[in-house]
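Input: one structure, supplied below.
Labels for the chains are A, B, C, D, E and F, by order of writing; each one numbers its residues from 1.
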Amino acid sequence: MRILLINPNSNRDFTAAMDRSVSPLRAPGACRIDCVSLEGTPLGIETQRDIDSVIDPLCRLVEQESDRTDAFVIGCFADTGLYSAREVTTKPVLGICEAGLATALNLGERFGVVSTDAATLNADLRLARGYGLLERCVGFEPINMPVAEIATSDTARERMVSAGRRLKEKGAEAIVFGCAGMTPYRAMLRETLGLPAVDPCISAVAMAIGIVALAQG
Amino acid sequence: MRILLINPNSNRDFTAAMDRSVSPLRAPGACRIDCVSLEGTPLGIETQRDIDSVIDPLCRLVEQESDRTDAFVIGCFADTGLYSAREVTTKPVLGICEAGLATALNLGERFGVVSTDAATLNADLRLARGYGLLERCVGFEPINMPVAEIATSDTARERMVSAGRRLKEKGAEAIVFGCAGMTPYRAMLRETLGLPAVDPCISAVAMAIGIVALAQG
Amino acid sequence: MRILLINPNSNRDFTAAMDRSVSPLRAPGACRIDCVSLEGTPLGIETQRDIDSVIDPLCRLVEQESDRTDAFVIGCFADTGLYSAREVTTKPVLGICEAGLATALNLGERFGVVSTDAATLNADLRLARGYGLLERCVGFEPINMPVAEIATSDTARERMVSAGRRLKEKGAEAIVFGCAGMTPYRAMLRETLGLPAVDPCISAVAMAIGIVALAQG
Amino acid sequence: MRILLINPNSNRDFTAAMDRSVSPLRAPGACRIDCVSLEGTPLGIETQRDIDSVIDPLCRLVEQESDRTDAFVIGCFADTGLYSAREVTTKPVLGICEAGLATALNLGERFGVVSTDAATLNADLRLARGYGLLERCVGFEPINMPVAEIATSDTARERMVSAGRRLKEKGAEAIVFGCAGMTPYRAMLRETLGLPAVDPCISAVAMAIGIVALAQG
Amino acid sequence: MRILLINPNSNRDFTAAMDRSVSPLRAPGACRIDCVSLEGTPLGIETQRDIDSVIDPLCRLVEQESDRTDAFVIGCFADTGLYSAREVTTKPVLGICEAGLATALNLGERFGVVSTDAATLNADLRLARGYGLLERCVGFEPINMPVAEIATSDTARERMVSAGRRLKEKGAEAIVFGCAGMTPYRAMLRETLGLPAVDPCISAVAMAIGIVALAQG
Amino acid sequence: MRILLINPNSNRDFTAAMDRSVSPLRAPGACRIDCVSLEGTPLGIETQRDIDSVIDPLCRLVEQESDRTDAFVIGCFADTGLYSAREVTTKPVLGICEAGLATALNLGERFGVVSTDAATLNADLRLARGYGLLERCVGFEPINMPVAEIATSDTARERMVSAGRRLKEKGAEAIVFGCAGMTPYRAMLRETLGLPAVDPCISAVAMAIGIVALAQG
């Protein structure tokens, strides 16, 4: 059994962080979880143009890996190429936004999302509305910082805490990371706010494992 | 690491079937998954009185197992005692209805639910509405059969296919089992209808594994 | 004709206040309205465990009084045991939350709810969402005070006004009391804010009288 | 104490039926309930033009009766003039549609409405959506018959049963009468279908009694 | 081809401003656009009574102009008489509120509305909810000023900017004018806020032109 | 002034039909309306892969035409590339799905959509939900026919009437064409069903003209 978690940007540090974040889901004899970057794509998916530009290479990868993969996870909070990828494989394909929000519902009455900036916030909102997953969402709060700097910026930590606090004040009982690049801050945010911090890569891979299990036996 | 999947009825055949159904999620070195029945509870949770009557023994079990358990899953589609159980442990507690519906979103545009009968259908509907998870649901179709007979009845198979077909005609791209007792029909329904059949016990346990991972590292 | 208003906690001062609050609905020759406490239940329904723990004694009372009662009203804003109670009697059973919110719609464009604390606020929200009654609700504001102290606390009055003002600023044209124990503050809040204050016990009993009338003639 | 139930059409038989229907709410010493027709208005409110044409005489009556009335009920399912009437009196004004639908929520999981024809069906739908009261509504079924003939037509009975059955098949647990003129069929429909039949005049007057009580003491 | 834009108040300066505002839609050989005032109606539509009082003269005008008009636009944000007017003509009738909000959706993720005061704000909210057009609305902000003074008041400009800014802070990407009398501030608001300002008269007339085109060929 | 209506497929007959359909909006001295095909794109946009594959050429065209264009309309019911296109120009960009559905609201109480097949139906549904435009939609009915054959197929006419009738039976008062290629059937469907048939290219171009007007003066 193998899950393939695809980072649609070409930033290998990003992919390595993603790979580390899902390691608690690995076990000997359990489903294998591989993380890969796309090649030739932007270092951070910032704009809608970025989002749309990676769909083709993503689909080509999915098609090529389909035979030796049991489920795919698209590791970008825009769930880029989700419906196209489903056309090129018969295996389940999940997006981390949909899986992350769906998981957050199970952690409390309402959740909130930390977004990267105002533009992604609007895109996230549109996506979440399309998923029918806004009803228990208290809102989206941006940290206003380029995706590629989140993991290394001096101020990211502070901005994430501040965004998380605003969401908590609005009633959030779980905080969803609105970008795969926020993964290094999971423990920090969880401990500072006293709330579960949902790294959507973890949630999506776990859900994918469950979906693969549904197709067995 | 240990997940405890609790069957709130006292039917041990039921628990054994549940235990088998989640076995694809087990692996050496991975999260341990235990299934238990409650004692002294009904053989099938049919009525709201049944639902409410098992909350106290359920909570007592959760409290007692809390120290040696990383997450709890309540294996009844009514998600009986979900909020009470969360008060007696600091560990995550999931209900199979909420987790199953949330997972189904990731399998297609819309899903449908096979319910046991008209009374549970109304209770399911109320629950799903409270979860904010009706927007992509095509409906609930009952098989009109007592919970305790589902696994062994001669006509259950045919009734499940018929309910599943009605949901597919309404546009469902995934079928959620609205009772933990339907688990034996997963492969059959999936193959007959050509749609994913969501055994919510599997989905909830996989999600619980992911949620436990969120709290690590 | 007889309506039975049941206070699910065992606090007799509470029941007496409830009894006084519904007295404007009494008249010679009109429907008789009796208020009773449950026995052996908590002095205040604070937690979900409390809510769930009173369902069994509540249902036993409903069953026992069914023959000589025309409608039941559950006097706890959690509408505890509503669906179980409906299984043990053929008579109408109302919850004060559902009836109170439904009444508030008729008093203006939007309403708000004064909750007891953050935990009940989340439970109220879940209940109201399940009822499909959130669309014209501006929000829930907590007074952060134990149920059993509301009627007698020195600061309750001030906290209720403050919560009510926040709701009014958000656009509420009616304020719903999110706890049967707030009944002594109805005139005060109405006069201070210049808005209708909905004591949901009154609203639910009046609605029950109307529902009994539907079944006559 | 006095409630004034206003029939906005000028059909006195209609008003007399309405008057009889609310009689179970009358009692010596209780709130007085008066029913009046408007003068010079249509015999049945069929069209939107009819609806709008009665607002002015309705408001003039409300203004004139305001001092000696504690609450007004507008006895037309279009809730004609509701917001205008609220501007000419400080007393509560209720519409039978809003109060009837709000009451129906308390009678089961979902309700349905018997409408007069396709045009009123669309108007009802718009009204109910504006009220935020569609979430638990299974639909509206028309009897396709002029308002003024409903009470006396030979086929009305049969058409009402047929519309009610369709609503019941869709899951309705209560049937709301979408016209004040359907009041004579309450017992018949309730008994034939085995479901509560909501005469919205009764529900609205009962709710008005409760609202008057809120303003006392 | 002719569109008739009807100002339901009797303020001719108002009508003249409306007429100027739609002039960018005029062209030789294109659809003719005429603006008229009603006679004998209030100088500003402020209250629900005002709204309801103009329906009859509005309908009489529509009926009379029907033969020589291809579509009607009601130039009042309350969409007064929309459904009555549709009964007296077979030609399309649009309201500027519905058309303006529907257009605003096409300008960004979410929009906000500048209302005249708290009473109209509640009426707008009810209308927009009835239209099913609230889901992407960040809110309504009042300028608290009589309709008849908006065009000429010294403080209107500043109040409109302030209301617009509050909406922008809430995430609005387009600002809808909640009163036909705000038309003189379109360029100013657009330039000050850097957001599209939707004069709903323009939007509705353009939409009416498109609807007339649908019926051709 | 110039509106550019872009057909994202490379089928020139398709573009010519689109061009003819918007001709009622043309007039001397009025806004110029040009229609163009993309080059090298599929003959019909059938799949999500098709939808995503045309975004890049679409954006390049928009960027290149931006200086001499006042608004863009994307002539594909999937609104392909809408948000990417908005990033490469400061001019308004509209999608025919969003504009068509928004227009349909103004034509009656509820509308329905004729889709091409089950896959596009699901994509349409997701899009409409994301737009917040499902509340007054009775449903989507497919004609099950490839996009490229719609205009010329012998059976398309009959299938469109049949889909339209099903929508009318569900309560639709306007029928929206869910594909730019259905434009030849506008008059036929309107006359056969007696309902407005919304060619979304016309509606979107008219709305674009209005939006251009908002930015003038």
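Everything that follows uses one rule, which is that contacts are C-beta pairs under 8 Å (C-beta built on N, C-alpha and C of every residue); 3 or more make two chains touch, one makes a residue touch a chain.
Nothing here was measured: the structure is a model prediction, and the numbers come from that model.
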Over-half contact-pair match to B-D, picked out of the listed pairs A-E, A-F or B-C: A-E
Pair joined by more contacting C-beta pairs (A-F or E-F): E-F
Cα-centroid distance, chain D relative to chain E, in whole angstrom: 32
Centre-to-centre distance between chain E and chain C (centres being mean Cα positions), rounded to whole Å: 42
Between chain C and chain D, centroid-to-centroid distance (C-alpha), Å: 25
Shared interface positions of chain A, touching two or more other chains: 126, 129, 132, 135-136
Chain D to chain C touching residues, read off their complex: 21-25, 27-31, 92, 94-95, 98-99, 102-103, 105-107, 131-133, 135-136, 186-187, 190, 196-199, 202-203, 205-207, 209-217
Of chain B, residues touching chain F in the complex: 108-110, 135-136, 171, 173
Of all residues in chain F, those that touch chain B in their complex: 121-122, 125-126, 129
Residues of chain F defined as touching chain A within the complex: 47-49, 51-53, 55-56, 59, 81, 83-84, 86-88, 123, 126-127, 129-130, 132
